[in-house]
Each structure stands twice: as C-alpha cells, then as structure tokens.
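Below is one structure, written out as structure tokens, with a few remarks after it.
In this document, chain identifiers A, B, C and D correspond to the written order of the chains, with residue numbering beginning at 1 in each.
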Amino acid sequence: MTTTPYTMTPLRYRVVARRPDTADVVTLDLDPLGSPVQSWAPGQFTMVYAFGVGEVPLSVSGGEGHRIVHTVRSVGAVTAAICVAPVGTVLGVRGPFGHGWSLPDRGDLVLVGGGIGLAPLRPLVRTVMARRHRFGEVDLLVGARTPDDLLFTDEYDRWRESGISVHVIVDRAGRHWSGQVGVVTSLLDRLRLDPEITTSFLCGPEIMMRVIARNLTDRGLTAGQVQVSLERNMRCGYGVCGHCQYGPLMVCRDGPVTDYATAEPLMAVREL
Amino acid sequence: MNTPEERPTLAVWKFASCDGCQLALLDCEDELLTLADRVQIAHFTEATRATVAGPYDVSLVEGSITTPADRDRIMRIRQNSRLLVTIGACASAGGIQALRNFADVSEFRSIVYARPDYIETLDRSLPIGEVVPVDAELRGCPIDRGQLLDLLTAMLAGRRPHLPDRPVCGECKLRGTSCLLVTGRAPCLGPVTRAGCGAICPAANRGCFGCYGPIGDPNTAALIPALRAAGLDEDGVRRIFRTFNAAAPAFADAARGEEGEQR
Amino acid sequence: MTHRHDRVLRVDALARVEGEGALHIHVRDGKVGEVQLEIYEPPRFFEAFLAGRDYAEAPDITARICGICPVAYQMSACQAMEDAVGITVGGAIGKLRRLLYCGEWISSHALHIYLLHAPDFLGFDGAIDMAARHRDLVERGLRLKKTGNQLMTAVGGRAIHPINVRVGGFYRAPAPSELSALLDPLRQALDDAIATVGWVAGFDFPDFEHDHELLALVREGTYAIEHGVPHTDRGLVFPVSELDHLVLEHQVPHSTALHATLAGRDRYLTGPVARYALSGRWLSPLARQAAAEAGLPAVCRNPFQSIVVRAVELVYAIEEAIALIEAYEPPHPPVVHVDPAAGVGYGATEAPRGTLFHRYDLDDRGVIRSVRIVPPTSQNQASIEDDLLRFVATRLDYDDARLTSVCEQVIRNYDPCISCATHFLTLDIHEGELP
Amino acid sequence: MVVLTGLTELVARLRAEGYRVVGPTVRDDAIVLDEIQSADELPYGYGVDAAPGRYRLRRRGDAAAFGHSAGPQSWKQFLHPPRRQLWTADRDGGSFTVTEPANPDERLALLGVRPCDLAAIAVQRRVFGEDSDYARRIDQAFVIAVNCTEPAEVCFCVSAGGGPRADTGYDLALTELANSRYLVEIGSETGSALLSQVVYAPAEPGDIATANDQIRTAENRMSRALPDTDLPGLLRRAAESPHWDDVASRCLTCGNCTMVCPTCFCTSVVDTTDVTGDHAERWQGWASCFDLDYSELHGGQVRTSGASRYRQWLTHKFGTWHAQFGQSGCVGCGRCVAWCPVGIDVTAELTALAATSDIDQPVPS
C-alpha cells in the first residue's frame, strides 16, 4: 500500500472495462498495475492522467477492492483522451483526494444529481443501499439535458428495488420519452420533506445546486443539512497549488463536498 | 513509425511576411527529421518542392493578407485544412506591415515604387483571423521555437497546446530579472504583452516592445503613466504600441488614445 | 500551353527559396524571348512606414524585412544611423557585432547549402526527402545550422530577429562563460564545415559561366563582413555615401522586380562569389586550403559552384567565431552613447547573400525623414534573369519538367531571399506572349 | 555573544563544507539573490531607496553588506523554484514507466535572510507541510539571518506581526555593526559547530547594546502599517465593495506582486511530450492568481474581471489565509509595494477598504 496520496507522481492503472453511457460519457473500470492508491470514500476524487495529454480531477463513481470506477464526460482534450481509451490503456492515477459525502446514521435522504453530477452520487447510492434499513425516505432526483444524456439508467431498477425512490426529469424530451420534462426543482416541489430529519446531497452545475439548496432551506432544512459538491480548477489535489481556492476553502482539500452553510455565502459572491 | 498514409499531413503557407516564423520550423534542428517521420510534410515550399494535395490535417499560416488574391487563397486553404494555426504577429495581428492601416496606402505606394499603378494591394494588412476562422494562434514576431514544438507535439498527442494567457512579467519574474519599470531602466510593455518568448528582452536589459501582442485583457490605460515615468513622451507611447502588433485592437486603441492626447 | 516552338513554363511557387516566387519563360520560334522571375511577395512598404519613426527603431523594424538574415538588416541599419549622427562604433563592440554576424552566416549558409541547394544536385525534392537516403548528411547540416543559431542566441538574444542589437552597440554584453560554452560546438562545426566543402566540391556542375561585374565590400586585410568599402572586380570603388548616384534601381515595364544596376554600367552580382573574388586572399589559411582542395579558382564564374564558395565561407565564419570568442572581453558599457542629430547616413554590410545598403535621412530629433534600402536580392535580380536567359537558350531540347527544374536551380544558385527584396512588384501575368 | 570581522572566512568555510552559498549581490540595478563564490560579491556599500513602484540603488556612506531592503526576489527562488521537473514518463509496451528526478542532494547556505523572510519561510513551510520537498530543502539548508537595521520606506513587518529581529529559524543570526563587524547569535548546533571553525572575537562592551539600539531604531522607522482591524472579517464583508473596481482601474493584473511575494506559492503544471510521442514530462512552475487562465474551468474562467483577481490576491493574503493555514499570508516585507510597476500598495488598499467597510454593503442576491 502506498503511504500517502500527497504526491504529484501518478500510479498506473489499467482500463479493464469500458462502458459508453451516453454519446459523450464513458464509464471506465480501472485496476492497479502495481501499487494501488489508498481506499476511497464516496464523493472523493482522483487525478487521472492520460499519457502525454494531461491530468484532470474525476470523482470516483464506483469500484470494489482496489478497483476504481470513473464516469467521464468528454468536454476537452484530457477527458476526450480518457473517454476514447480502449480496454488495456494504462492511465495515471493519484489520490484519492478531498472530503466525500458525510452520510448520517439515520433519517431521510434526498440526493440530487444533474448531468455528470450523478457520478459522484453513485457510490453514495451504493452505500445507502447497503444500509438501507437505517434510513427513512430515500429520494434520488436525476436531471439531464435529454433522455439520451441520462447516466446509469440500467441501474435505476436495482436502486428502486432496494427502496430508493428514483425520480427522473429531462430538460428536453425526445420522441420516446414518456417521463417528466422540466427542471429538477419541479421534482423537488412534489417531494414531501420532513425538514427535521432530512439530509440532502447535491451535485451538478453550480446554478442548479444553488436553486435546489435555496429551495430546501426555504422548506426548513438548515444549510448544514445540505451538502454540495464543488468544482474548481485543480492541479495538485492536496492543497498546494492554490488553483481551487474558493474563498477560505481549498476545494480539493476542504471539499469537494462541503455543507451549504459554508458554500452559501461563497456562492453569493460573483467571480469568487 | 507510421506508414506515410497514416501520418497526419502538415502544410505551411506563406502570405505577407518575412519568412522568419516558418524558419522557426527549420530551426527545430534536433527534432526536424523525427517530426518528418511522424507527419507528412505536405506543403512547405521553404523546405521542399514536393507538394501533396489537400486536405491537410494542420495548416500553419504565416503572414498577413494584403492583396485580393491572397484573400482568395487563404479561403481555399481554410477549406482544405482541418486545423488552421496562425504563426506569428503578421498572421495573428497583421504584422509590421499593418502600419499601413494607419496611413494612406496610395502615398505608401508612391514612396516605394516609381510606377505605383502596378501594385495591387488592400488598404489594410489583415490578420488571418479577420478573413477566415482560426483554430489556434502562435504569437510573436517571430514565434518561439519551443512553443511551435509544443503545438506540434500537442497535436500529435491530442493535447491542448500550452499557450498561457499571462503577461511577459510572469516569465520575467520566473527567470529572476529585476523589473525594468520599477528600477527605472526602460519603458516596458511586459505587463500587457502575452508571454511565450521567455521574457528575453528584459533579461537583455531592454524593455519589452510587445512582439507577442496583447494579453486577453490588457490594462494599457494603467500602464501608460508608467511608460511615461520611464521616459517615453506621447509620441514614444504611440510608437511603442504601434510596431509589430499595431493592428491588434488593444494596442491600436492605446496608440490612438495617445494621438488624441497630442491634439 | 506547350509545343516545341512556343513554350511558357510556369513554376508557380518557387520552392526552397525563402519567400515565394514564380518563374516564367517565354519561348517563341525556338528562341528564348523573355524570362521573368515573378515575385509573389506582396509589398510590405517598409521604406514608407519607416518615415516618421525614431532612429532607434530602425534595427528592430528593418530586421522584419527578412527572417533569414535579420542581423544583416540590423547591422546595416545601425551603421547607417551611426553614420548619420556622426559616431563610430568599433573596438570590442565592433567585434561582438562581427561575432553575431558570423552566427548568421553560419546558420544561413548551412541552411542554404544543406536544405535548399544540395538537394538540387543530388536529385531530391528537398532535404527531408534527401534525409531518407542521406540522414547523416542532413544531420550534419542541421548541426551546423544549430551552431549558428546558438551563436546568434547567445549574442543576439534569439536566432530570428535578435533583440539585443541597438544603434551604438548592444543592450547587454554576453558574459564570457555564455560564449565560451559555444567553443565545443563550434569546433565540431569546423570539422563539419571542412567536410562540407569536400562534399559539395564533388557535385556535378553544369558547364556554364557568367560575366557579371562582381560587387562586394572590401576591407584591406580582412574578409569584409560587417564593414567595408564597395569594390567591383572591374575597378569601381566608391564610398557608401555615393550609393544614390551609383546604385540605380529601375522599374522595367516587363519585369517583376526593381532591377539594380551600377550607374553607367550594367547588371552586377553581389554575394559569396563576389566576396570570394574580391577578398579571397584574406580568408583564413584553413578556408583558403579548403578552397584550394576543392579546386575553386580565384574567381569563380560558374554560378552553380557558388555552393562551394558558400561552404568555404562557412569554414571561415566558424573559424572567425572561434577566434573572436577566444579573445572576447565584454565591452563596458556595451553601447556607445548616441545623441540624435540631423543628417544623412549610409550603411553597407555583407548579408549572407550579398551587400545590403541602407540610407537614412534624419531630422534633428532623430526622426527618420526618408529611407532607402537596397537588398542583395534586388541587386542580383538582373543577373539571375541573364543567367536564366543564357542557360535556357542552349537547353531548349529539355522537356518541360527538366527545364523547369534546372531553371529553379539557376535561381537557387543565388540563394535569393525574396521577402528581403523589400520592393518587388506583382504583375499580371499573361499566358503565352508578353505585351 | 561573539563578533565576526568581515564575512570572507564565513563564506569560505561554508563553501568548504559543501554548501552552495546564496546571498545578496548587485545585478541589473538591483540587489538580487544569487550564488556567490566569495564574500566579495556581497553588495558592500549599497543602500536602496524604495517606494511604491520604485526601487533605486544608492551608495551608502559606509561599506555595509546588508544595508539594503528586500529586492526583487525572495528565497523562494531557491526553496520553491520557479520551474521544476516533477517526473518523466516513457512508454514501454502497452504501459509507461514514471521516473521522478533524483533529489539533488544540494545543501544551500542562505546568507542574509532578514526576519521578514524568515517568517515567510515559516509560512511557506506551513503551506507545503512537513512532509514536503520544501521542508526537506530548508532543513538541509544553513540559514544565516540578518537582523534588520535598515527597513525601506515600503516595509511594514511590525504591523504584519513580524519584526526587525530574527527570533527563530536560523543557524546563525548576524547584526551588522560599524566597520564590517557582525554580532553573532547562535540558533542551532549546526550553527555553533560552523562558528567554531572560523575566527571570532568576544563581543566588546557596548556591541550588544548598539545592536539592540539599531534594531529598535529600525522598528520605529517603519513608516507603513496595516489597518489595525480584523482583516479577515473586513475582507469577508468587503467582498462586493466598489473599491475593487477602483483598484482594478489602476491594476495591470501583471502578477508581479504575487511573484515577488515570499509567501505566494501557487503553481501550475504543464504536461509535454517529445516528437516521438513516447516520452512525456510534467513540469511545475509558479502561477499567479492574476493570470486569466488560473481559474479556468471547462467553458471559461471563474475570475475574468481584474477586480475579482485583485480581490482574490488581497483577500487570500490577508483574509482567507488564516482559515487555510491558521495565520496571515503577509509578513510585511514590502516587496509587492515596491515591485508593483504602478505602485499599488496593499496597506493603502486595505486602509481604503477599512474606511468604506462601515458603509453597509448591499446584500448580494
């Protein structure tokens, strides 16, 4: 086992399976080639290096044992290189970094994932499934641009079977879509919440998280009961490069998951 | 090594320019032959008379557009190129010959030519980006060999080339040069000029004269008093902005502002 | 259109000359009627926009005329400005200038010999194709070129458009250690250059001679580079200040470029062949020996053999650079103080491809009133066309492809730098007959 | 306490022990930090006139070696290098191997570290952590501090919580007395061991008092100060102050302040390949929060306006640094004030913000 993730030198992982999720999102299973990184917790991320192309932060979206699963949306050079990497490709991995979700011992849970934001929630869903009996209502709200952009659709049934209410909504429907159309907040409006015992987990575009978090706090949750996963430019992953500063936070070190009590005043400031 | 058919094709084109920027490619002495193994040099008249028909994966374009015929030619090249990269101040901002943009061209013609009627030129020296879309720009008069190599290796690797939008000051401080403006040694455009050269001028004890053109958001207005304090008069300020990137909007505006003040 | 008695050869982009041009040969009734070297280079109006600029800007601005020989422009500009304001710059600064100039000679000559000219003799389209068969040779050329570039970078701050040159001298004198670091590569380069002479001397040269008057700067006792007095091999000697009376440029109606001639005389030739003819005896012993072993006559009249002369100059420039570095003492300060003053100043130096004249007229604040720049390529223009005319005349039996390629070779003999021909014209080209 | 006469022997001894001695020396009209071969290269007799956006060398009446204030560089040039290779990687078969560069076993001797810079070194050590290359490098280094007897007009170490006297973090600390005499305090066993190998004399009566006097005078001469208020709180409240636009109209966003600041630590990485594509490298280099691409996310930058970038720098240094690292990011060395080409002065900007902070800020929606 490696002793510390706090290094700029990557460890090698091989792509052992590759599943295209959507037109621009791919899920990769990675197994270590030599020493593995330390074990991770849901909500944490790693820095993934594509040979000669560069390195990007990616949330862990699953994995057992030493396996790490990443779900990647191709938006630029590095993510494109990772998305097209065939099985057998060796990537560099550093981490895991940051604070993950903090799951309470009991109560109701509301998980909201927008777009690729569902990726870091997926391991949380798995953990909740394993301890399902401890919690009351568990709602998972999933939003995507179009039905074709929905992630992990083949898992929704299993999630539902384990007692999680999965609600799905898209911005724009296609021809074969019989589900809901609109913004995630409209799903939220229909949920009955018990603000006393609910914990909420949000990951998606910043604007989505703000709207939902405000909605939740308007309905009586304290900001401390809402967790959000933040995103900033990252170069090191452990608080020494400075890029991910968000007010007092170093998102890589103090985040990416933080409670809304901390994030709210920061999100209110322009260009922070 | 790739077989020729698999190799991406590279074309180098020249418009109004001094050839210096394409020479930077031949100046990659240690890498040139390996590069030629990895890419097919499909059109590069400075190096070979062999030409391969397009389309081209990458076109490097040197020089500015100054004649109607060249305007047509760059459009054809654009159609034939997957990626079009401008190399140098001429291609990216019109170059030194864009000084004509601020003068009467017919007068220019008659200064140089006895029979100006033979000369067919545009009134302005146009950057390539004003005529066709451009995928990337290598700045500088001339470009930096290291940046060119990074661009080419990045394209081969699928990487984004490292062309940081930071001022020359960043590189100047990295190499430990003491600031010319602060020590009062020379007026310097470093704070508003895009990095890439390695801050070679301040290191040679002279002010940056802006050959890489403006950064993304230059505050030229705030710099001008410092240039004055370092010894430039209004005319000097106008001239320093009006050299190799005279037609870059931020520099053109700064120079025009000074003209206004003179009146 | 092509038939035996009426041919137009069009070579639309003249490869492997720096800059792009085209060649048109019109053959009528079995005789060469017209040869045109058309230059694509669109006008850039340097002489026009230099007016109104400060004297101190001329070295940087004129460097941009040509990226292949920027040092030549900087040196001629500095010299002319210093002449205008009445100062002389010599001593350690002068030596540093010569050293920088050697860098440009090494780099430019290596470029021309290996990448542009030699492929002609060996039947390749270019150096890259040549490398497929003769990788070691091309690598040797690149190594030589790199050494020249390193020298220019060490003295000038960068190889293309050096930033360290100013009227009066330099902005910064390189530390001795920065220069002595180049001694090893230069010694390697010297071996490479001597091998180069032997290699190019063995090329197959077409049987052809020219009779151009040869013009170069001459400076008693040394091979003139950054300083000298214009001489011709037919006895004309004139101070550079006579430039305007003696070097005339004409815009000939049917020509594509300004042709320079000497007043009362005719076309002439500048460049390595002229320098070698006029100053050959002041080459270093090693360079002279290399020339002798290459079988080079004292005056080389075969333009194809210019490649050998260039190789000999390469040997000389490297030796000279080594000597200058070994004796180097940084000038303190690296610049002679300049007070702007009204006046007319002239400068002439030897660019790798020939004599480069500058003339500036300054007002009392040092603002440029008018400029004249006479680059080597426009001086050689008439000679190139004359060579072409006579060369083609006896080879009309060649097929188009072969004739085209030898004509290109004739042009490349002159290492013409078309961008540096500051004022070339673009003309409408008539298919077939010329007006 | 003991007194050294001259520094020649000290420098020679350090070099003999295998240290690479780095100290102040004159270059390009400034006192820079560079490797020195002998004490002769120290800037004897040079003083500095510094003001916002202005730095001029001047001749002093004496031959003091340390009679100058902070120059354009700080010790981070050596302890946190501007550029360094993190690793190289080479393809082998379907994989690649990563190689870290050998840690140069270089031992630095830092000669003439002023108290503000000692504090800055401690700040950076805190940022990078005890298990960092930075900590290793400074632990291996021999540190010779110099008490400050000559603050510049731009200095404010006292109000930044430091002071002109070195208290910890050195092997030896000098106070420069008249006639090239140096009062020496020993800070470590290594320091004492080295000192035992050079010729010194016992301090003369009055030497210690003179030294103390000089340091006290320096302290009293400090002409700049930070506003006496809770700066993190002030900056939190001032996040949307109109004053940021005012600074932005003057600020070049050139990043000089961040580069000269001895505590600024931000870096970026650059990944490269060679022409074969089989060899890759990663390099790390100083970055600045003033660079437009510093805050880049897919689709654009977070901080595009000059105002937001200036706010980031000032707020981090004097405000959020406390939350991140439990202390201020500023040691009051004055470099950012002197080396800003347009003379923007952090103390003045903070004072201006403090003056307007009573005005109720509109609550951002």
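FYI, a contact is a pair of C-beta atoms (placed from the backbone, for glycine too) under 8 Å apart; a residue touches a chain by one contact, two chains touch by 3 or more.
Note that this is a predicted model, so its numbers are computed, not measured.
Novice: Taking each chain's centre as the mean of its Cα atoms, which chain lies farthest from chain B?
Specialist: The chain farthest from chain B, judged by C-alpha centres, is A.
Novice: Which chain pair has the highest count of C-beta pairs that touch?
Specialist: Chains B-C share more contact pairs than any other pair.
Novice: Please compute the C-alpha centroid of chain B, do the same for chain D, then give the distance between them in whole Å.
Specialist: Roughly 36 Å separates the two chain centres.
Novice: Taking each chain's centre as the mean position of its Cα atoms, how many Å separate chain A from chain D?
Specialist: Those two chain centres are 39 Å apart.
Novice: Distance-wise, how many Å sit between the C-alpha centres of chain A and chain C, to the nearest whole number?
Specialist: The computed centroid separation for chain A versus chain C comes out at 64 Å.
Novice: Measuring centre to centre with CA averages, how many angstrom lie between chain A and chain B?
Specialist: Their C-alpha centroids are separated by 43 Å.
Novice: Which residue numbers or ranges of chain C touch two or more of the other chains?
Specialist: Counting only residues that touch two or more other chains, chain C contributes none.
Novice: Would you give the residues of chain B that are in contact with at least 2 other chains, written as numbers and ranges?
Specialist: As it turns out, chain B has residues touching two or more other chains at 157, 159, 205.
Novice: Tell me, which residues of chain D touch at least two other chains?
Specialist: 268, 271-273, 277, 304
Novice: Can you identify all of the chain pairs that touch?
Specialist: Applying the touch criterion to every chain pair yields A-B, A-D, B-C, B-D.
Novice: Could you list, by residue number, the parts of chain D that touch chain A in their complex?
Specialist: 86-87, 89, 91, 94-96, 98, 100, 127-129, 131-132, 239-240, 265-269, 271-273, 277, 280, 282, 284, 287, 289, 294-299, 302-305, 307-308, 312, 315-316, 319-320, 323-324, 364-365
Novice: Using the touch definition up top, name the residues of chain C that touch chain B in the complex.
Specialist: 13-16, 18-20, 41-49, 51, 53-54, 57, 60-61, 64-68, 70, 111, 115, 119, 125-129, 131, 135, 138-139, 142-143, 145-146, 149, 157-161, 163-164, 166, 171-172, 250-251, 253, 408, 417, 419-420, 422-423, 425-427
Novice: Inside the complex, what are the residues of chain A that reach chain D?
Specialist: Spelled out, the residues of chain A in touch with chain D are 4, 6, 8-10, 12, 14, 33, 49, 51-55, 75-76, 88-90, 92, 231-233, 235-236, 239-243, 245, 247-250, 268-272.
Novice: Can you check the complex and tell me which residues of chain B touch chain C?
Specialist: Residues 14-24, 26-27, 29-30, 32-33, 36, 41, 44-50, 66-67, 69-70, 95-97, 99-100, 103, 105, 107-109, 111-115, 118-121, 125, 141-142, 197, 200-201, 203-206, 209, 211, 236, 239, 243-244.
Novice: Spell out the part of chain A that touches chain B in their complex, as residue ranges.
Specialist: 51-54, 76-78, 80-81
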